[in-house]
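Structures incoming, each one as structure tokens.
Both of the next two complexes hold chain A, though its partner changes from chain B to chain C.
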Partner chain A sequence: MNLRPHHFILWGLFIAGMFLMPELVGKGTLRTMIFACYLAMFAISWDILSGRTGYISFGHPFLIGIGAYTTGILTRRYGFPVEASIPIAVLVTMAGGLIVLLPALRIKGSYFALVTLAVMELMYQLVPVVRPDLTGGTRGISRLPALTRGAENGYYLAVGLMLAVALMAWLLMRTRVGTALWAIGMNEESVRGSGLSTTRLKSFAFLVSAGVAGMAGAFYAHYLGTITPRAFFDINVLFQIIVAVLIGGAGTIVGPIIGAFFMVFLLEWLRPYLPGQERFFVYGLIALVIYMYQPRGIMAIVEGAWTRLRGARS
Partner chain B sequence: MTFKCGIVTGLAASLLATTAMADIKVGFIGSLSSDTGLSTLRGAEMAIEELNAAGGMNGEQITLVSADTGEDVTEGVKAYEYLAETEEVDFVISGSIDDVSLGWLPRMQEYQIPTLDTWTSYIGIIDMVIEDPETMAPYFMNIASDEALATLYINFGADVLKAQMGWESVVILAEDTAFGEAITGLVTDALGPVAGIEVKEIITYDIGTVDFAPIFSKAQASGADFIYQVSSVNSQVISSQYVKLQVPMAMTGVNVSALGLEYWEDTGGAGGSISTLSPIPSVGFELDPASQKFVDDYQAKYDTRPKIPHFNGFNAYWGLKQAMAAAEEAGGFGDVKAWSAAMKKQDITLEKDGKLWLRYAFWGDDEVEEVTGRTYPHNARFDLTAPYEDAQPSMVVVQWKENGDVGVVYPPEYATTEFEVPSWVK
Partner chain C sequence: MTMALEVRNLVKRFGGLVATNDLSFDLAEGESLGLIGPNGAGKTTVFSQVMGELRQTSGSIALFGEEISSLSTAQRIARGVSRTYQVPRPFSDLDVRENIRVGLMPDSLRAMIFGAADRDREDELALSVGFTRQDLDRPASELSMGDLRKLEFARTLATGAKVLLLDEVFAGLTTGEIAMIAEVIQDLRHRGFTFLMVSHDLPAMEPLVDRAIAIERGTLLAQGAFADVLADEAVRASYLGVA
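Presenting the complex of A and B:
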């Protein structure tokens, strides 16, 4: 795995910093950070599959939605305890994703993206009409049991989950499997030529990605307390996830986190000055400028600055 | 030294001034880019201006901050959190649509901030008040809930569509939204058994639909006598295409765009003959002197759309005054139960020509409405039985004429014009 002491120090500092936040910032900021943590988990989950293997998935909200709806239906309609409904939601997401999306992994490039987009759109159309007694139709399901109350508890839960997901993804990407996934993204034929089963590798990446999406979606649903098709299967959810990854830096662990925090905070900081939809225009403009300046995202900008700083010192 | 003292004194003075000014904070939650959202916002702004001019609430000035939802559910949750945690508002006034309100309701239950919804009419929220009166104590909805709206609309179906026009079957064209689903369900359940009108088919369409020709063809093929449309998003599109295509069957229902005076302009003058259910007051609705003054003041203050506030603008104006009156009685907004109890007692009666015309009041917790046989705690008071002596009806039906005029066609007690079918249908 090639783990070095500075890795532990950096992770330790990062974790300590995140857990100290409630002492440093107000509750309003913590609420914003909770949303950023969930978006970061969605973004990491997307990046595990798409950022590494190059298979761009437009169907991620579908996976997040399955996790959310499974736990929502189980807890509200069948009285399952949350402790049971969330693990089931993760399994259902992985299974549901496998059945519906895995066959699409045999298709490449933009065709794969379009198939996944079609699956998400199909889900958006189906949820309100298929068994609305279970899904709540277009109004969704309200009064989901809350896991925590208050900004601080919600923050600790969200940041704990995000750090666990980030650490797991980071460790995974330092294994040989992680390296092979990278290689698929660069040249799938070569990986296959070297005797590795790319189908198995992609399936594995997909399962991990779906598991994280389902888990994050389930916790997110309980945080929101209500789920509606528009909040999960909407194209805007997909855009947010992809923009977070691209702005932060695809193919990294910290990149999607930075991207998610940047996006969510920028919009909230703009709110008092531009309370209407104009803030989305400004935010889009800033994101575009960053992407044009450095297509590999904020992570690459930071790394470049760090390299220049070290070069100047030496 | 003198300079430093001056700075310190100046800072202290400005701090004190800020403290004195930061009194009662009201938060608006809703869309800042829709006519409905702006109606609530402006109604609240006008009420606050008047209250402040009269000395504020218990001598404290009232300020307003807004949080845009963009009619998005998640943005709605963020907006409520922003108002609660960052702005620390005392009271929230909402112009949110159904699923956006449902999205932030868990936050309201958590923060326990007194909140008034002026647009959403979802009966499920009133059911939540019944099931969970403790955490829903701060919530009030001062529009008649959709069950009451639909109940009176069924009367329109029986009295006008069936008895007067002789129509016996309907095809429903409903948009794919929470609102569309709810109204469709209520109308479908009641039109047949109560009004004796058979529902031939329900056609659901996406809110992004721009070409309604195939949908209207399908509606015609159903063989129904008339179309019932349910549309709250981009409603002017379906209306104008109906007129331009001269669809040879009458169309009525719920068309939110037709509730505003801009409807005629938005449809390019191609909106005649559309009739819609409307909460009160609507366009074409005769106003009592107090409501007319509100509209006159509104038009003097704002020169952008909506030219006349939608019903929720009136709800916000009177509702905010009632919320402040309740807070005065309860000693502020801090004691939510006391405020809630005081809010329930609020009752504004507006008369026109010596007759009760509009009433802004709430149903008692255990008070059973006779027609529907159920309770409506924390919901706007309405009357489903003519001659509407207890309160105004839950809704009226308005119709845009082919020359651009608009008037109320039902119920007769509030009617200003007759219901007509389009000239090309005759």
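Presenting the complex of A and C:
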């Protein structure tokens, strides 16, 4: 995508708005926004791999979970400072993902999805039983050291991280690697026929994606203060990540962010009316309707409206 | 004379079907060879084996004297051989320029990330196969079949390969477009490029090749000067349906 002046203006307004937010809204809303920021990071991470190359990962909760558990175990069981535990968590996530999921990238798309799903479920079953002294079993790990005090600071940290991740992803996707990854999603044989090693490209996208997932997962764990297997290795987490990307607009940077905020706030607004699991049903339904109306997501709907608006004026 | 391509006793079986049957041929550097045969003769399958997209059942393939059978497609392209596809395989959501950009990319992550795209070269390649400046920003999904073939050709040229395998580059093109592509091919021949060409449009192919080989059911029928091959009894029987 080519940058136009209005892109800078929109981003400027968005960033200014995000940083003014604590002045405008209550603590409860702020906490919802923090969750949305982390979900946005997970979604960007997912999009770097799956939104571009078309290799659908069902294993991102697994990657996020490795990041969370690594920093949890290092800080709570071994007394590591977070300055060390978080970078280690990122590396462990990349390495763990590499060993478990990378071989799956060599096989075609749908099998990749199944393998990643299996790995996630396996982790959910394994984590509580393997070394429960470290993982805390089904009860997980609690009282992780907090990185910030109060909702406001937690919010600023989350927004800052999200913007950093978005910027990094944007810079990377502007390069020829970004073009090549996108091309893989359209026609992998042709990319290979253009002389590129697609396995290497996919592995690279996977590593970057895993690094972001591990980093966001680790920070998120410190924000929550507790880690349980169900909170991470869960199909609902996966569902929210994928829906956020598809609804916002896959293959873009803004899309996953918009999608994450839209879905998180939708869930919040539905809460008073539908306190139970039915909420997820309505949520899924709304996602489906948007997706059917515009498969390229809210981003494309907004862009379309913008174009029409300009067309109407001139 | 250096051999650009040496194919020796190539065999490819798909279950019971023998798609390539003990096929051997040479392609000298700078030479242009026409590969003809009826539908299903096994022409495309030969290309796929040379490129490593299909593994041969047996036999050897050497590029500039080096056996390439164990190399990946990317490695073969890096050594100078590249192909077009009979059914164009564009990147639909990328525009003409970006499609060509993928062909131009070096197979190195570092270079892809830190090096910039060569816009001038992209445009030059696009214009050389007959695109206009207005076409450059059009997504491939909007192109006609003729334009897709031109794009396929440009992306193949972009890989920098000096041995080009062209599979039906003229199909679906207008007479004007055929003339334009033919001119590009002639120019490349003068510059020392090597060609292996498949086309059902024999009159368009004739001036572009030095010689021809004919196959049927994967088996070599005849080889030699284009006119002689076409006049060959067996070739006429199989290919032209003339007894």
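Brief remarks on what is shown
Operating definition for what follows: the second predicted complex is superposed on the first by the 301 of 314 C-alpha atoms of A that agree within 3 Å, B and C clash if a C-alpha of one lies under 4 Å from a C-alpha of the other, contacts with A are read in each partner's own complex, and residues count from 1 in each chain.
Convention: a residue touches a chain if its C-beta (ideal position, glycine included) is under 8 Å from a C-beta of that chain, and two chains touch if they have at least 3 such contacts.
This structure is a prediction, so every number in the text was calculated from the model and none was measured.
More chain A residues lie in contact with B than with the other chain of the pair chain B and chain C. When the two complexes are overlaid on their common chain A, residue A:R176 makes contact with chain C while staying clear of chain B.
Using the contact criterion defined above for the overlaid structures, shared-chain residue A:T228 touches chain B, although it does not reach chain C. In the superposed pair of complexes, A:K27 makes contact with chain B only, with no contact to chain C. In the superposition on chain A, A:G195 contacts chain C only, with no contact to chain B.
Looking at the shared chain after the overlay, A:F35 reaches chain B, while chain C stays out of its contact range.
In the superposition on chain A, no contact is made by A:R77 with either chain B or chain C. By the document's definition of touching, of the two partners only chain C reaches A:M186; chain B does not. Considering their complex, residues 32-33, 66-68, 70, 72-74, 77-78, 81-82, 85-86, 98-99, 102-103, 105-107, 110, 122, 124, 128, 176-178, 180-182, 204 of chain B touch chain A.
For chain A in complex with chain B, the touching residues are 26-32, 35, 125, 128-129, 132, 137-140, 142-144, 146, 149-151, 224-226, 228, 230-231, 234, 236, 268, 271, 275-277, 280. Against chain C, in their complex, chain A makes its touches with residues 172, 175-177, 179-180, 182-183, 186-187, 189-197, 200-201, 204. Looking at the complex, you find that chain C touches chain A at residues 51, 53, 72-74, 77-78, 82-83, 85, 89-94, 98, 101-103, 105, 107, 109, 112-115, 117, 155, 158-159, 161.
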